[in-house]
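One structure is given here, and the rest of the page talks about it.
First chain written, first letter: the chains are A, B, C and D, and each begins at residue 1.
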Amino acid sequence: MKFEHYGIGIAKGMALTFKHLFRKPITTQYPEERLTVSRRTRGNELVWDKERCTGCATCAKSCPEGCIEIITSRGEENNYIVDKFEVDMGRCIFCGLCVEACPFEALFMGYAYERARYRRQELVMDKEALLLSGERQPSGYARPKIEAGLPRQTLLLDRDKVKK
Amino acid sequence: MAIFNYYPQTLSPDWPGGYWLHWGVFVVIILVFVMAMIMGFIWFERRGLGRFQVRLGPNRAGPFGLLQPVADAIKVLIKEDIIPAKGDKLVHWLAPVVAFVPALMIFAVVPFHDGALLADLNIGILYVVAVSSVGVVGIFMAGWGSNNKYSLIGAMRAVAQMVSYEIPLALSIIGVVLIAGSLSMNSIVEAQSIPFILLQPLGFIIYFLAACAEINRTPFDLLEAESEIVAGFHIEYSGMKFAMFYLVEYCEVLAISAIITTLFLGGWRGPLLPPFLWFLIKVFGVFFLIFWVRSTIPRLRIDQVMAFAWKCLLPLALINLVITGIEVIALPPALLWTVMFLNLAIVVLLALLWSKFFRLGGGRVEV
Amino acid sequence: MAIKTEPFVINVGPQHPSTHGVFRMRLTLDGEVIVDVEPVLGYLHRGIEKLAEGRTYTQNIPFTDRLDYLASMSNNLAYVLAVEKLAGIPVPERAEYLRVIIAELQRIASHLVGVGAFLNDCGAFMTPLLYMFREREKILDLFEMVCGQRLTYNYMRIGGVSHDIPAEFLPALDRFVTTMPGFIDEYDQLLAENEILLARAKGVGILPEELAINISASGPVLRGSGVRWDIRKADPYSVYDRLEFDIPTGSVGDCYDRYWVRIQEMRQSVRIIRQAVEQLPPGEVRTEVPHLLHPPVGEAYGHIEAPKGELGFYLVSDNSIAPYRFHVRAPTLINLTALRDMMIGWKVADAVAIFGSIDICLAEVDR
Amino acid sequence: MTLAFSGEEIASQVEEHLPGSIVDSSQDSLVVNSESWLAVATFLKDTPGLDFDYLTSITAVDYYDYFEMVYHLTSLKHNHSLVVKTRCYEREKPSLPSVVSLWRGADLQEREIYDLMGISFDGHPNLKRIFLWQGFQGHPLRKDYL
């Protein structure tokens, strides 16, 4: 005579949850503890290299949302001068296609993630706002040289060492 | 606890002497105790659930998040009080009060210490059963007064469930009363030279399950099942009135924990530590068990809940009553340990026997 | 005297904790029993099929992320397979293996959410969900390492994948693959034998085999009904024909079978990943594809076994840079066809459980 | 591997049973006359050896001159597949027979096509808009909808 459904399943489950009382919580206390994001993170706000950009507008053409706007004028040495380079970060979907498409490595995804704003207008970034600065570092997405120099990503796998 | 020693160890039922003083002091004590314990319970449950779920739980307000209940209370009190336009305003307004008062009234007969209770009624436990079943009226009023289909479903479930579970609840208490030979809570504690959970394991299990159903705790939390009917009867409540329902929930848990402690775990009795502390420790232990269950298992369906009460708990409670009666009459007190093991064996046997009645896949109605 | 009763209509959703998004069910209830169900869709309709007609083939890849956001990688894969079929683009072998590894990781992640949410709907208060999110988090970490995002990956490219994996990916994946079976065992221990879950899920919401085929169900819903149909075996794409794995099937097609199939599929996915990592060859990960692709006039239907069922992309090309027609065969939309048949006659609580066991993602249903 | 039937092969079989039903056939697909589509579908589903018991997907494509319905059929029994098309030249009130009676999986997909492409299906049990609200003007997936 086989006995089942007499409460053993409930007991097993309760044992498991009890075991979890003694495991380390996996919570990260965010503002105090910070995890390092991936080297390839597609973080907030594009970073633009003024020197390298030739104004070819490949990025604008590759953008699925059409949020990059470039206006150029003809320069003296048969080159383009970028008059306007404006990105509406409010419409950006962070797909990274523009960065991949850039033939001169003049555009980077951002490495930061705390770039919230209070107004939508502030999300529209012009030439000056897009330049590299202390809090606006480029990420290694599609840029292997930068990727090599960034710190290692923290993984939950490393922190949660419970079972084999 | 000097205040307890100030009073004679046992109070006669008609409260001779400082009637008003006694009354006033204990009302204050109970109110403070209940409020403080509810705060403690909320914190304990949230932190404990957090740890069960490999997270931390609230830990920002105050040291270890101890002030979290206070912060919640302040937040909820300054919120807007919304009354549904088509609701029954009076019923909607009265419901939290009607639900809260009986929950608080239970504490009148809970002994925190030998003789330290508001009213040592000689029908103490009967009073508890009677008063605690009034709370359902408040819940039904809330469900009705809100004029919301979800609340009404929740309220209907509540009534059906609570009425059913009153019976096994009361029957399982009778076993304890038979052994103790008294209905007074204080006498029951005094009768427990060993905790009654050892003599009445089946009674304890039935009481625990039925009480969980009475106070709407998992796996019987159908009336506020957040994944089905969102919040059930208090879906339309906000602000102060919502806080009242929140208090009711924890007040009832506290009351049930205190009653289980009194009936089955030997109340304030215990070695070394002062009685009041023993009482608290046991109450927290019972509460831990309640939310441990909550953290683990899913919720039953309404027909399964009803079937469980009538087909499982009620017959088991009757069997328990008969067995206890025979033991009390036939077995000499010297055979205490034999009785203990006998009862444990009966529990195992009955659990295995009843598992044979467990049927899967039922519940579909042809429409 | 017969009591006069009448059925009443209750709206579950679009804002309801258990509708997994913005799904809405109009339930007609007779007491607690469901008499009629009418799904109301479209709250998340963004017209992706129309939008895609105005974007190039590459620009559509991030849009496919937004279909089933719990399994973005699978959507990417199905779409690029369709484009590759349309334009006849070869894929390097290493990229094929990477795609398989990533797609199987995605399957585990999606099933973790599906199973966790189902158990949560059954009333297990958050605990299974959080345990499962813990493992999903590890997978998301791996995805973030590979492609820099945690939800909308945009990783697959026409003719390969966007990047090769970083050096620390394989060791981390190895750690994940060794620990994952242990965690799946834990899930089994947590609730697979739980009496309450059995009572809630066994025999509930049965989808018979005949009906499952007739309504074009796919994925775990079809396999839960006992049909041995998996596109990875039936019509192998990528390199699935070189990998060994089983197709778990249920027996009767109830909620529990669907739950069980998902758990077993996670085990199989771990097995596939192990083999794929062993066989992973070195080399290129991406074929050179012109920036603006002009596929020849024609049409192609690329389909994969996505976590939730057969995900197909039907593309029509008119030799321009954008697809002339872009149609998504959304598995979850079609799985919903049988919702009414599965729910009628069950209780409100079952409605939520049955709905959870289908595991839908509204972003894909509405598109 | 799912065996993809060529349209020509099936066309000859269908033509034997239902003469005049095939408009066109190619390697990938066969195009069926819209009047005889339901009969052809029944034939494809019930003929032993074909047994297309699983309707994978339905789509409509707007080619300005006509709407083309694309049916992807699969047989789970024999693991083979077929693409069948049928055309509707009417633009104002396009209408085609519904296949819900054969494959219930067509239910929501036909509603979707009705909603977004504006083709109505005769014999559909519950033909209502599915994603857009009742009273929405136009059918977004048509090429002339801007």
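Definition applied: contacts are C-beta pairs under 8 Å (C-beta built on N, C-alpha and C of every residue); 3 or more make two chains touch, one makes a residue touch a chain.
In this text, all values refer to a predicted model and were calculated from it rather than measured experimentally.
Considering the contact criterion stated above, the chains in touch with chain B and with chain C alike are A. Taking A-B and A-C together, the pair of chains sharing more C-beta contacts is A-C. One inter-chain figure worth recording: chain A and chain D are separated by 43 Å, centre to centre, where each centre is the mean of the chain's CA atoms. Inter-chain centre distance (chain B to chain D, centres taken as mean C-alpha positions): 62 Å. If you average the Cα atoms of chain A and of chain B, the two centres end up 50 Å apart.
Chain centres here are Cα averages; for chain A and chain C they lie 25 Å apart. Shared contact sites, meaning residues of chain A that touch two or more other chains, fall at 5, 7, 10, 13, 16-17, 20, 26. Among all residues of chain C, those that touch two or more other chains are 127, 131, 134, 190-191, 194-198. Multi-chain contact residues of chain B, defined as those touching 2 or more other chains: 52-55, 295-297, 358.
Pairwise, the chains that touch each other are A-B, A-C, B-C, C-D. Every residue of chain D that touches chain C in the complex is listed here, in rising order: 1-2, 28, 53-57, 59, 61-62, 70, 72, 76, 79, 81, 83, 103-109, 112, 116, 129-133, 140-141, 145. Considering their complex, residues 55, 58-63, 65, 127, 131, 134, 137-138, 141-142, 144-149, 152, 154, 162-163, 166, 168, 172, 175-176, 178-179, 182-183, 186, 189-198, 291 of chain C touch chain A.
Within the complex formed with chain B, the chain A residues making contact are 3-7, 10, 13-14, 16-18, 20-21, 23-27, 29.
Taken together, the chain B residues at the contact with chain C in this complex read 49, 52-55, 149-150, 153, 157, 218-219, 221-222, 225-230, 294-304, 358, 360-367. For chain C in complex with chain D, the residues that touch the partner chain are 41-42, 45, 47, 49-50, 211, 213-217, 227, 229, 234-236, 241, 298-299, 301, 303, 310, 312, 314, 316, 324-325, 327, 329, 333-334, 336-338, 366-367.
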